[in-house]
Each structure stands twice: as C-alpha cells, then as structure tokens.
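Presented sequentially are two complexes of chain A, the first with chain B as partner and the second with chain C.
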Partner chain A sequence: MSVKKKFKGLSDKAVAWLFIGPSVFLLLAINIYPLIYAIRMSFTNFYANKIGREPQFVGLKNYIKVLNKEAIWEKMQVTANFMFWTLLLQAVIGLGLALLLNRKFKGNELLTTLIVLPMMLSPAVVGVFWTYLYNPQVGLFNYVINFFYDFGSFDMIGSSELAPWSIVIVDTWMWTPFTMLICLAGLRSVPNYLYEAAEVDRASKWQQFIYITLPSVLPFLLLALLFRGIENFKMFDMVVELTSGGPGSATELASINLKREAFEKWKTGYSSAFAVILFVTIFGFGNVYVKVMNKIKER
Partner chain B sequence: MILLFVSLFSFSVNSNAKSITLGWAAWDPANALQELTKEFTAETGIDVNFEFVPWPNFADRMLNELNNKGKTFDLLIGDSQWIGAGAVYGHYVKLNDFFDKEGISMNDFSPATVYAYSTWPKGSENYYALPAMGDALAWAYRKDWFDRPELKSEFKKKHGYDLGVPASWDQLYDMCTFFQGREIDGQKRYGAAINTERGSEGITMGVTAAMYAWGMEYENPNKPYDMEGYFNSPQAVEAVEFYRKLYEDCAPPGHSDAYMVANLDAYKSGQVAFQMNWYAFWPGVSKEDSDGRVSGFFANPKQNVAAATLGGQGISVVKYSDKQDLALEYIKWFARPDVQQKWWDLGGYSCHNDVLNSPSFPTSTVYAQGFLDSMGIVKDFWQEPTFVELMLPMQEAIHDYVVNGKGTAKGALDKIIEEWVEVFEADGKL
Partner chain C sequence: MDTSRSYLEPSSFSKKLAATIIIVYTVITLIPISWMVMTSFKNVNSAISYPPEVLFEPSLEGYVNLFTNRSRQSQEYLDSLPAPETWYEELVRSREMVITGPSKFLGRYSNSMIIGFGSTFASVFLGALAAYAFSRFRVPLKDDLLFFILSTRMFPPIAVAVPIFIMYRKLGLGDTHLGMIILYTVVNLSLAVWLLKGFMDEIPKEYEEAAMIDGYSRLQAFFKVVLPQAMTGIAATAIFCMIFSWNEYAFAVLLTQFNAQTAPPFIPTIIGEGGLDWPAIGAGTTLFLLPVMIFTIILRKHLLRGITFGAVRK
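On to the complex of A and B.
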C-alpha cells in the first residue's frame, strides 16, 4: 500500500526504469563506454603516455600486427595450456571431492570447510606464499615431493619445464573447491528415488554413476568450468606474484602480456586491438560453450 | 567534549600547515632521507610527507601518476632513466632559472651524476633534477670466509693466485665456483646472489654490469640508434654467455627471480659468498658488521674495460604540483653542502663535490672508496622517454636466455635490437 502511494502518478514502465536505471547507467559507464572507447582506440596509433601527440587512424594495422606477431601466439599457447590443464584437473578432482563429501560421515562439515578455505584467499597472497612453498632450499613443496621420491633439488619456478606446472598446481589447489561446491550442489539435487529405482533394477554402483549421477551433475560441472574458464583466460595476479611470467616468457599468459603492452610500454592502440581480439575470443568460445551446455541440459 | 574540541582544533591547525609530499622507493636511503628532512621542517616549518613505494611497483606507480598528471607528489626522486620522459613529456619542472636565481651550480656536483640524473638531452645544460642519490651496482663478499687460512691456501693451490677481491669477472667466476656447494660451519654455501629478476629491471641491470665490463656499447657513437654490431657485438654476446654461466654454476637454488632484497637476504642469511647489489644497501650491511670483519665491498670488476651499471636518482619538482614554490625550497635546502654532508653521514649517497672530494671521504666508510671508483666508470641504460618500452624486451629476452636457458645469447640480443628498432621507429627516432 505504502509503495503504491510513494510511486503514485508514475507508470509501471517508469517505475521499472527507476529500478533498473542505476544499473543500466553503471553498466554503460563502466563496461560499454570503455569497450567502445577501446574498440575506437584499436584503430589508432595512440600512446597514452605521449602527452600532446594526437592519435592517428591506422585502420586494421594494429590487428594485423597482433595476429602476425609470433610472441603473441606463444602467449596464447601458454594460456591455452594453462586453461586446459587447470580445467581438466579441477573438473576431475572437484567432482571426486564432491562425490566424497556427498556421503554422510563424521567430520563432513569440517572437511568441507577446510577444503573450501583456499578459494577464500586473495590470489596475490596465494601467489606470494607459494613462492616460499616452492623454494628449492626451504620450501615445503619440494620437501614433500622428495619425501616420497628423492628427486634432489629442483626449482619449480626457475625451470622452464616445471614453471608452467607450478601455476597449474596453485590454480588447481585454489579453485578446485569452487568446482567441488557447484558439483556438490548438483549431487544434492538428484532425487533419491532414482537411486532406489536403480537398486530395484539391480543396477551396479558404476551404472548408477554413469546413468544417474553423471548426467545429473554434468550441467553443474560445465557451469563451474565455464566460470573457471573465463577467470583463467584473464588470470593475472596469482601468476604475476608467483613467476612474473617467467622464467623468460614460459608462464607469460596473454593477460600479463596485455598489461605489459598497455600499461608499461603504453602502446594503447596496439594493446586495445589485442584486448578486442581476446574479448572476441572469450566471448565467442563462451557463447558456443553455453549453447552446448544448454543442449546437454535439454537431453 | 573539551578533548574533542581540542583534537578538532588541532586537526584544523595541522591541515592548514604548509606541507609537501615527496615520493621515492621504499628502501634504506629513503629512511635516511626522512630522518634528514626533520631538519628541513625544523628550519622552514614546512612538513614533508613521504610516500615510499616498494621497488617492484615503483616505476609503475610513479609513471602512472605522472602520465595522469597527478598532484599526489610535489617532489619526486625518480630513476635516472625517467629523466628523458620527465623532460620530453613535461612531467618535471626545468630547474635552470631556479638554479641561476639561487646560485646552485651543477659544477658543484659530480659530473657523472649531473650527466646521468639531471640533464636532457643528455649532456646538455638543461637541468630537470638535482643529483640526489648517487648509486652504482657493486659487490659485497664474505670477508670472514676469505680470511680463513685453509680456504686461502686451497684456493691458491687450485687457481694459482690469492683469494681476495676479484680483479676480473673471470676471477669472480673462479671464486664463486670455489664456494659453490662448499660446506662452511656445517652449512652448504653457494657462490653469488646475482640479479635475475624478470618483472621490472633486475636482470637487465645485472647483465649490463657484465656487458659494460666486456666493452658493450648500445649504439654506434657516430650514428645514434644504429645498434647492429654494437649492442650485439661479439664482446656483448660473450658477456651474456658469461652471465648465464655465472647463474648456472654459482647462484643458490631458487635464485631465478631475484633482485635487491632477494640478493640481500641470500647474503645476510649466509647462503652466498658474493652478492651483487646497489651501493644504497651497503650502509645497512655494514651497520650489522661494526668491526668490518664479516663483509668487504668492491666496485664492479673489469674484464676488457672498467665499467659499472649506474643506479641512483635525481630529485625533481613535479610540474603538476600546486606547491612548486615549497618543493623548490626543499631542493634549495637539499643542495646546501652542509646538508649534503649530513646526507652522506646518515647513509645517503651525496653527489656533491664538497663531500666526495673531502680528504676524509675515501676512509669514511669501508665502501666509500669503491663508491668513488664506481662513480667514475658508470654507464646507464637508455634514458630515452621510451625507456620502459626498451627495458621490457630486454628483460624478457635476457631472462629467457639466462634463466630459462632458451636459445643463444646472440639470438637474444638480436631479438632485443629488433624490438628496440620498432620502439625507435614508433618514436620517430629512426
């Protein structure tokens, strides 16, 4: 009644705009305008640090330059490797943990809380303390590995073979709980009568997993992987703190390279083109992925 | 109620007081400057607020501030390589008229520091900073280990010369490998903590210490920006290969992304016989070794030529400051010979001739003579307005070769030249 009084004289449409107006304004100001501005800049030779130098229109030159640069493809490959392994490991381990925690046992709640702790930490902090854990002289990681098998002294961050794995391990450690939580929500939404019916039909545990559990949890798992995929495509802080993109450029992800081009070399036009390419890539992949996910859900 | 009133009143008094803000890196000399500045405040009534930014973020933070025409800082002690950008993009106030008016002469400061920290174009009489903190890359070594008779005789037997301050990079390598993996007092020790940092400027500053000593030039002295055959000369290639050998054979495990603090930590914790670092850190190292028994210091060793990597900074007035007059007053005070002497006494590195030429200076600290020697042979990275664009490809290519072990030294230097040509072309220099 009081709401009606307050908005007396305003049409439903006006009230609707009143509510969504601030969000639309913020969206336009913070997302859409910078996006359009970046697209515009990507066709210029603009350098943000060269004060007084007017940007000139250069057509598609920046895009051609980005796409023809071998180093960019190397960074994309590093990013693709990082995404592939982190998503794979997080899917497998996350689902495994969710299956474990879906069972009722003593200490279940405590274990769940402990497992989700890493994802509550700041990525930058995680990056810093894993540099200590990976330290070949005093790091716990090397100690634990050598406890099981004596590999001798090895440098996870300083070796080009091991450094890509070092970031995969940390990201998996940090974000598997996220995949696990989403999968756990999926598992808990499966009605018990399906398993009861399967038991009556004398289905084995494996058959129950393949024909009931997996199809039920798959849309949830795919959703979790979509979120993680988007996040890892733009991964920055943890890797910068852990390896700075090194050794050399062994762990320099596309987002780190973009930051260096944009805010250290100040190649604003060039880096805008690179950003647009990255945006289109993730947007395209995201759309295809969502369509596939919807089809799986419909089945 | 009365207390509240008093505190509100005192706040309003403070907020009306004259104050300026000085930005610098967060390190030992900054603390010394803070201490020194108390006298400025006592003399003038001008409060000086300090904002010290950790080294890994220093350039990012300050250059972003300048590019955004920020008013946070009235005074900035910026790296030597920034002087080009500070002058060309108009971030720094040109100080010539002020110096003339106040009778501050650049002839009173060490010529190498005036050239490096104050002038743009290089060597001209356009001054954008007052030399504030002289610095160069140098070495500290574990004198207490070097003085052990059993180690001395073992080394002499093995290499045929005395274990001591290395006269060349080859000798440095011999000594580093001598200590690498050696057990001393029940602990495993290593050769040298050298610069390998990837993110900002660390490995470039380290590798150039070797490249300069091998005689590398950035460009053809008769044809500016012509780098082919100079920056990638056989000597330069040899120096980079040597640096990789030094890293592989002499660095402690896990020293793959190390710069100032990591080198200092490795040294202080007794892991290494040598550390490469800036003179700025020697007062701190020396302070913990009051009888001079543990640590010794020496300038960058020569190989083909005597040379050292320049560090250090000049102090500039930020063009966007609303308090330029107060900032200039600080510079006037800081340029005074008596203040410069106190600056050195507190652990800062004065560039004033009165301090450096004083007969007591070389013996005033254990590292003073080394500092004098170094400042006579310093060489700096490009000081172009585009120095960051020039630094980043070098960081990546050198780290890729030295730490990652990828490719060849010649390939790395060729790649850097390729990127630099692109930068100079975009800047209209080529």
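On to the complex of A and C.
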C-alpha cells in the first residue's frame, strides 16, 4: 500500500470515489428516489392527473384495498399461470436443445446463433407481428395447425380459453434460446475426467446422465429460470401488443393491470401500493430462490 | 448397444440424429421472422389472402406505405393530375391514392438512433469507470454496492414510471430526448458495470502497474492502458446496451408521445385504410429488427455473458 503513494496524480481512494460516484448518484436519482417517492405516495390518496389538489395521508388504506380486491388475485393467478407454463416449457425444451447441441456436430455454432435470434428482438414488435400470425382469417399459425389437423376456424387471441396459451407460445418461442444457451455453458463446464472415470467403472449412459450431467447442469438451469422468472413476473411489452390483456382480462398480467390503474385511471396512490406489493413479492421470492439455489450448488 | 458409447465421443449416428432435430427446430423457429420479412415485400392484397401465399410477386408497396402518408382520391381527380414523376408515386396512384407527405416513421427511427447511441455512450463510459474502481480498488461495502446496482434492474418499469413521470414533468424532461437518454443510461448502468467488471478483472493488474512505474498517473494508466485493453469487452457491452435501448417499450410508451417517441411504440400504430396494413407493418418490423440481427451475429461469442450480467462466462 505504501508503495503506491509514490505514484503521481490523485490517490487511489480519490480515483475510486471519482469513478463510482457518478453511477451511484444517477442510480439514486433515477431509481431509488422514484422508488421512495412511490412508497410515500402509496400512503396517500394522490391522483397524478389532478394538479393542485393536496394529497392526504390515508395510512394503510391503499394496501388493504389492493389485498382485498378479488380482481387483483385474479391477475396474480393469470401471472402465476403464465410463469408456470413458460418456465416449464423453456426449461424442458431449452435443456433438450442444449443436450443435442452439445454433441459437437458440424455447424452447431452457426445453428446456435440462428436459434438465438428471437430473444434479441424487441418484445413489443414481436407482439405486433404475432397478431398477424395468429389472425383467425389469414394467419400462418392457424393455417399450419389446420394443415395438420382441421380444427376449423379458431381465434388464438380472441378466445378467452386460447389467449393465455397464445402468450405462452410466443414467450416460449422467444426465450427458450435463453435457457438453452445457459444450459449449454453448464454442459461444457463438466470436466471430461468425470465421464472417463464413470466409463472405467462401467456406468451406463443413463447413469452418467443422472449422476454426472444432470447435477452439473442444474445450477445453470436454475440461474436461467431465476432470470426468466423475474422478467416474466414483470412481463408487459410483448403481451400488451399481442393481446393487450384481453379478451376481457384473460391475459391481464399484474404489470398490465398496474399500468391501467396508474396511467389510465390515474389512481396514483392506489397503484403505488400495488407496485410496492409487486416489488416486495419479486424481491422476497428472488431472495428465497437464490438461497435454495446456493444450497443446491453446495451439494 | 452401440449407442451407449461415451458422452465424450458420441457415435456418428447420434450426432446425425442430434443435428437433424436441431436443424428442424432452427427452421421452425425462424419461420415467424422470415414470414414477417416476406410480408414486407407483398402487396396489401396478397398479404391477406388465404391460404397464405408462399410464392408471390414481390412488391415495394409496404415500404412505400411505411414512409408516406396517402389519401384516397377519385379517378377523375387522378386523371387530371400530371403524370407521376417517380416509381413510388406511380405505385400509390395505381391504388387510387396520392402521396400527401412523408410519414412519421423516419422521425421515430432516428429518435431510436439518437436515444440509443446517446444512452449507450453514457452508460458504457460511466459503467467503465465504476467497473474499473470495483475491479481494482478496495471499496467499502463493495459487494453491497454491486448488489444494489444489480437490484435496480429488478424494479418493474411500471412501478417507477409514475414517479419518474411526475419528476420529469417538473424538470421539463418529459417527452424529450435528453430525458429518455438519462433514463436508458440508468437502466443500462447495472448491466454495464457488471459486464465490464468481469472484463476488467481479466486484464492483469501488472499492465497498469508497469505504466505507473514509468511515470503515468492512475488516470493516465486507466485511459491509455486499461481502456484499450478492454476494447472487446467495451464493444460487447455497448452492443448489449444499444439493443436494450433499441428494444425498450414500457418507458417509451408511458413517457413519450410526440417529440421523443421511439420506434417500438410507433410500429403498432401503422394502420392502413380498412384494417391493418400488414406489408407496411412488416416493412417497419424488418427495418427495425435488421440492426439487432446483425449485432447478434457480431456478438455471438459474448452472448452468454451479456444475457447473464456476466454471471456465466465460457
């Protein structure tokens, strides 16, 4: 340490603060301040479109209102259902694709890059062009399904039974490459000697899969699902453009409902309470999940 | 059984089987994107024909419609006009319409560019500074600070959108380029710091220490030695930030309307006469997605790192 003081210019400590300062300041100003502001508003009856009207402190009233509202629980159920199916499908298909890609056949690098393309696209724009594919009169999706089995006319977006599946399909199409890519990294991290040793012990291929491959990929798969879980809990853009929460409220996820309350009905106090509840949920679940994930990793 | 050969050397049959399944998946997964690109080259009628047309006569109608505003006119009026001077005017007239002016698409597209480049530059610059400090110095509460920076990414955008909306209204930043640049810079900061810290950790400390023994100050060593060494990482990070700003929708739709609106909230509003103008939407989508696809191909080696905030490195 003492050696470094001989160098010219600012001390390391000064440089450290100079370098970190601006980032921390910006995060505090544009992220933390609004969050605190939202928490404060959640205890008032504030309406952002009514300028000049002093908001009044109402205590926990907004929170009680949110938690007692049946419609909110319906939205949470829609969100949970969406998350369950997308995560399940993406885990299974993603892991399957990764296992296949790991058999280093010729051209697998190129194919990996092509498979990854959907997840880099703008979710809102993806939502728009899937409304065309799902169009009941002229959509390609409907045509292909009817080509294999004639269901007659059906409307993926317009029917309340099918609409939840329409968003699951698009999300799975878009994000399966994400789990695939991370699982692939997991597969490549397994040292070869483990398999060599297993072969010496005459372990069958199935046993090698269960006792070597699966445990090594699991932490990677869980990490991928954590990222996807957080993202899909917040899901907004793709679904807004695809179904805009409809028909009725069949695909109205928590974020979409929040946007309606905050930016269409302008119930700022109430929607802030809802936002805080969502934020605490995501944070709580995230923390528990990370703890479980670390326990699995340690084993 | 022959198939029970080892994991390390799959039999050629199992390799072929894997390759076949992967190729089929790749083709299926690319159909929606290809279909949108194909639609952009159809004319309005062939885009809504059933069964869907795979072979069609290519047309630039979608692109013309994307870039222009048009109004329908009577045949007599069209006949009274002088002959069309350009091919696109001719195309529009054949649909019994005249061009009334350019559409908003170009403006929205350049907004996406300005806001994308501005915020990318700012977040990579600030991120590189912070990443270097986290990588090299003993910072008090380092892990907590790093986690704090990451946790800001978990906020649902809608949750902070209302306060930001009110704040921006007071500061006069609502619906401005500067406001959106600042916002996207902050959203991207967490990614930039985490990714760049990983890249900087990989640069040996000895490089800048040698430079400092030669008389460089810490700042000079950072700008003249470390930054050039980290160029690949910086480029990869920049592309990730650019893609995020390019694709972002929630803030854009809530905080901008006329002046600083980017392309994602605009593309869905492209509507033709009597229903959606699918070729024009296809054209907008194609032009919008093209840069991202090119970037993805450039990025392919760093993709994994980028999408996991540097948690998984190859």
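Everything that follows uses one rule, which is that the second predicted complex is superposed on the first by the 287 of 299 C-alpha atoms of A that agree within 3 Å, B and C clash if a C-alpha of one lies under 4 Å from a C-alpha of the other, contacts with A are read in each partner's own complex, and residues count from 1 in each chain.
Throughout what follows, a contact is a pair of C-beta atoms (placed from the backbone, for glycine too) under 8 Å apart; a residue touches a chain by one contact, two chains touch by 3 or more.
Here the structure is a predicted model, which means the values were calculated and not measured.
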Partner chain(s) touched by A:Y37 [first = chain B, second = chain C, both, neither]: second
First (chain B), second (chain C), both or neither touched by A:G229: neither
Partner chain in contact with A:A48 - chain B first, chain C second, else both or neither: both
First, second, both or neither for A:Q137, with chain B first and chain C second: both
Partner touching more residues of chain A, whether chain B or chain C: C
Which superposed partner A:F263 touches (first chain B, second chain C, both, neither): both
First, second, both or neither for A:Y195, with chain B first and chain C second: second
Chain B versus chain C as contact partner of A:I157, first or second or both or neither: first
Chain B/chain C common contact set on chain A: 48, 137, 139, 240, 263
Chain A partner contacts - residues on chain C that touch it in the complex: 3-8, 10, 14-16, 18-19, 21-23, 25-26, 29-33, 35-36, 39, 47-52, 126-127, 129-130, 132-134, 136-137, 139, 145, 148-149, 151-152, 154-167, 182-183, 185-186, 189-190, 193, 212, 215, 217-220, 222, 243, 246-247, 249-250, 253-254, 264-265, 267-268, 276, 278, 281-282, 285, 288-289, 292-293, 295-297, 300, 303-304, 307-308, 311-312, 314
Residues of chain A that touch chain B when the two form their complex: 45, 47-51, 134-137, 139, 153, 155, 157-160, 240, 243-250, 252, 260, 263-267
Chain B - residues contacting chain A, complex: 60, 63-64, 67, 85, 89-90, 197-199, 252-257, 271, 388-389, 392, 396-397, 399-401, 403-406, 426
Touch list for chain A against partner chain C, complex: 7-10, 12-13, 15-16, 18-20, 22-24, 26-27, 30-35, 37-38, 41, 48, 97, 100-101, 103-109, 111-125, 127-130, 132-133, 137-140, 143, 173, 177-178, 181-182, 185, 188, 192, 195-196, 199, 204-205, 208, 212-213, 220, 223, 227, 230, 233-234, 236-237, 240-241, 255, 258-259, 262-263, 268, 271-272, 275-276, 278-279, 282-283, 286
